[in-house]
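To keep things simple, chains are lettered A, B, C and D as they appear, and every chain counts its residues starting from 1.
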């Protein structure tokens, strides 16, 4: 991982600012012969795009994806796949008063500190809008891993203090918060709306699950599968924590509670529990990979906040505009994409070991 | 990060198996002119090495470090620094009965699945012993960042259900669990001994803090500072979760509680709280970087466990040998090392931006 | 260098096929604050684009470059710079008879062997058209190195058996073969036309010179400056050889003839000759870097050639279409671009060494 | 390629200075299950080591190789293979007068310019001694590609103005210059001795050939097989030029002379000539890969040379010591090693493409 590129054999480079001409990506190293069309990409982009419900930003972006290269007669050719998404509904004028003001919880100051210059409009490069490019790339990764029967899905398990109580996968896409527990979903949505009306925002937890995983994915000791998944997920804007399997609960556990017993089923080595989250020693066990990410409340709130501008002058800021009061539902496809990208990369790496 | 190498400009490659001739590392990209001698490395190795107290393994390894290259007349030359630590007290015979048996919670099966062959003795490459090489490299990284007044320290904040209640940095190295709360440390040590006597082991939480951080470290969007720190920490054997600042607590927080207010002090932009953990948008804010890692209980326990061997035959396993009943105290220098390596890398990357 | 990306800190990724929707590139790692506009890019693209004279292909491509990201208010921001060039005059129908036939001297068979699928139209990814993207990236690199007073230029020194006899830099852009010897240039152009009329093509040698070089560029032992320049130049389609300074003439030389004597001028270490070509031990000496590349005759000729198709059926091929009978003049801006990209990368790497 | 590491999936990192404690390397990414022992490495090291004949340096180094990791019970395990070669016959005292003097044709000044500090003894890191580590790594690479029936050999084709007239592979190792033409070899050796007696040295040309190559190796557009081979060969100390197939002769050729006709034999696509040198579009054709490198005369000569020291003071230098008057014979195993390393890397990369 280097700058705006992630992956070794399956490599994704994203580009674009929130209010520039476009966002997009180049996927390099996609195996040849994979069926792919713009509709496959669009399907995922539509899950991420703004304006899907009353609890997401009202910025209206059709997020039309154009494939510029790497696909010939409906199949990938092994050459780089460039994808382009034009920005259309950018209201840059609204950001003019914020040109030199550092919004708390945002990357305004840190980009200024690092680069000495920044496109302040809509968060520029640090905008969540950049993740549209990740989702486009993730759709390609998804197609790659699907050929080996692997799949990734994610769902919101917690918003504020409200936690999902049961899991029904079919329900995830049926509610605006993408929770696998339809009933709890309604309470979550209500909490989000209340926070929004109070000029505030809410955090949450999203669970990401990868299924159909072959044992052997991951490259110790520094490209361990969990290490790279953690990096990919932590690299999503609002994420402040990542855990696998039993996660932070392991602190209170004893070895005898933690270790997953091993047995044999259909000539395959299996674990009778999955507290390890599907990874041991940085390599997949063959069980589902289970991750959870801590999602912070959207920093853009209309309640007054103390800050300074570039010249050190104090400001009390009330952020107006079209913001998601809770980003969990829209992080779901982004988290899926990041996990799929890492898995596609490691799947290809695994195949490179002679004899496979 | 690729295989056994971490870093872009400050690159560490480790090698070695638990019961092979040696473990070691090559540090490439260390800036020239840094004062360095074997004693600097030894100091850190001594903090990691086994047998420091009654709650760590009794394997007796002096862990003598030899610098093979890259240092001339007491200073680094900019060429690769190779460091060698011979293995001495390997009792390989004890592992012979485990040659084909997969120990639960260990990487035995996953290495076999990936590589089709493995050095089973003492966990081979997956052994915690490999981290001695990381600590040697970390000592070099520590010397590099110290030139810019940066420093990393870590301490145990939780073991089992016992949490540290206060923080006194000076106390960390004064107790066998490396807790900054001397009184709690005694209770923690007691709990560890009890678990050990019960043939079991305990998990915990270690906090890692980096101080003296300049704003601007980190390379969005995929080499964000938190993403790379997360990867480096998650890549330590027993770690199942990583969080920054408020971490998983952000789920319950509102934006107005989460956002760190910004003010100006001595012409520097500062945050009046540090719930972000010192990183916004993947770039350091200049505040301390605060991370916590979830450490699972050591998988090697003498209580009986169900498993299978390579041929699918069932076994009930009682692991004998010299194992740490709680790895937290010895993870402390390893976690410091990994964080220092990432910070050194990003510090050098930051300096590469023209004009600095 | 990996797949379609070159560079470590200044990274260029290109994409696009000859007859697909577009070619383009993403430049990542460009320092922030560099003045850049589309006109800077266009200027270089115009030097590469087809149809400049009667000895280049008549494919009519305006090669308009659009900057999609990374530039704000006329300056780079440190974020990735994506650039797009739409394909317009693609005559794909002409390639339909060649769908399964392997053209000698082209990459048709090798792409098929590697990927099992290929976009045959106009050479697909292997087309010289891809170099438009390199020239766009090279223009950015040129702007970066120009800030440190470095510059790269190239010129044709040989076509067929005709060699330039003198060097006047001002004359390079005044003749269709880009030779620094106007008189010889006319003879070269004549030879090219004669070859073309005979249904054939001609090879040549292009010299690439980098000036204003600071000593210290290059990263031994595997990222030596000459190693990376050689890779970048050899990676241009028609290039079959690269040499530095005295090049292949060193075989006949004695050490006493080869070694450049060292002296001091204006407190700078200088060489009184430059047979090393400006690089010793893989690091720049501060003298001009002088390289020459061997350019093979364009493989697309209308004389009959023996070959086979995908099914092994024999064909006698006469290639029609719009092809450059000698590619030297159009390789000049491409070679300059590749050298500039490597130099920009190494310049930034050099700045990363602490204390500079 | 970055600093002291070469390769993507088969990665070699070397370390060590001429007069430090040791040189060595870490090979990461070697496929598991490859038979390997120290004797395999030693065999190649013995071909490179000094003192083999009266025309090589008399420094007496046994160059004993110790494998430190990555091999278990005679087979590689997929974990990093570290190899160590202790320096023994370093006569550092002889270099004391040269501590601050820049030897012409050497990297003394450029290392000083880049790093501001250097180990001057015996050339330090820039010494040819570092290539012992490359040869050790090359032996591993050779074992990897041999499993797919690939092999690399090299031989001296020119020294001074004397060229080999015929090729008999069996004769290469039977004469001190490693020429495949025994008779010419004697003349070459004589020329070298004469140059040495005159206090001077001689250059030459070495040809490197890779056989048994599958079509499809190479990763356009920036990791083309020829680009990476060129980089690897140009990165050898004395090399000033690299060419493939017809090489610099292509300048005088016409397309109709250059293009290799294509035919079918035993259901395989073949070329009836090999002017392309086995690579088209950066991907192997399946024919032998044929490369030639220009080797400069050894810069260490005892004839007087003009130079300066670190403080700008002029010196007339006569270099004493034990130097090879012509490095061609000892470059042979190094060039083979570098080519094998690149081929092993690309072989593994090719296997990573799904479906193989």
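Definition applied: a contact is a pair of C-beta atoms (placed from the backbone, for glycine too) under 8 Å apart; a residue touches a chain by one contact, two chains touch by 3 or more.
The model shown is predicted, which means the values in this text are computed figures rather than measured ones.
Between subunit A and subunit C, the least number of touch steps comes to 1. Farthest from subunit C in terms of Cα centroid separation is B.
The interface holding more C-beta pairs in contact, when B-C is weighed against B-D, is B-D. Each chain gets one centre point, the mean of its Cα atoms, and the points for subunit C and subunit D are 26 Å apart. With each centre defined as the average position of its C-alpha atoms, the distance from subunit B to subunit C rounds to 45 Å.
Centre-to-centre spacing of subunit B and subunit D amounts to 38 Å, using the average Cα coordinate of each chain. Across the assembly, subunit A contributes 2-5, 8, 14, 32-33, 78-79, 114-116, 125, 220, 353, 355 as residues in contact with two or more other chains. By the touch rule above, subunit A contacts subunit C in their complex via residues 2-5, 8, 11, 13-17, 20-24, 26, 28-29, 32-33, 66-70, 72, 75, 77-82, 84, 114-119, 124-125.
Listed in rising order, the residues of subunit B touching subunit C in the complex are 8-9, 31-33, 78-79, 144, 147, 220, 348-349, 351-356.
Residues 1-6, 8, 14, 102, 104-107, 109-111, 113-116, 125-126, 130, 158-161, 195, 199-205, 215-224, 226-228, 230-232, 234-235, 237, 240-264, 267, 269, 272, 276-277, 279-286, 294-301, 303, 305-308, 312, 314, 350, 353, 355 of subunit A are the ones touching subunit B in the complex.
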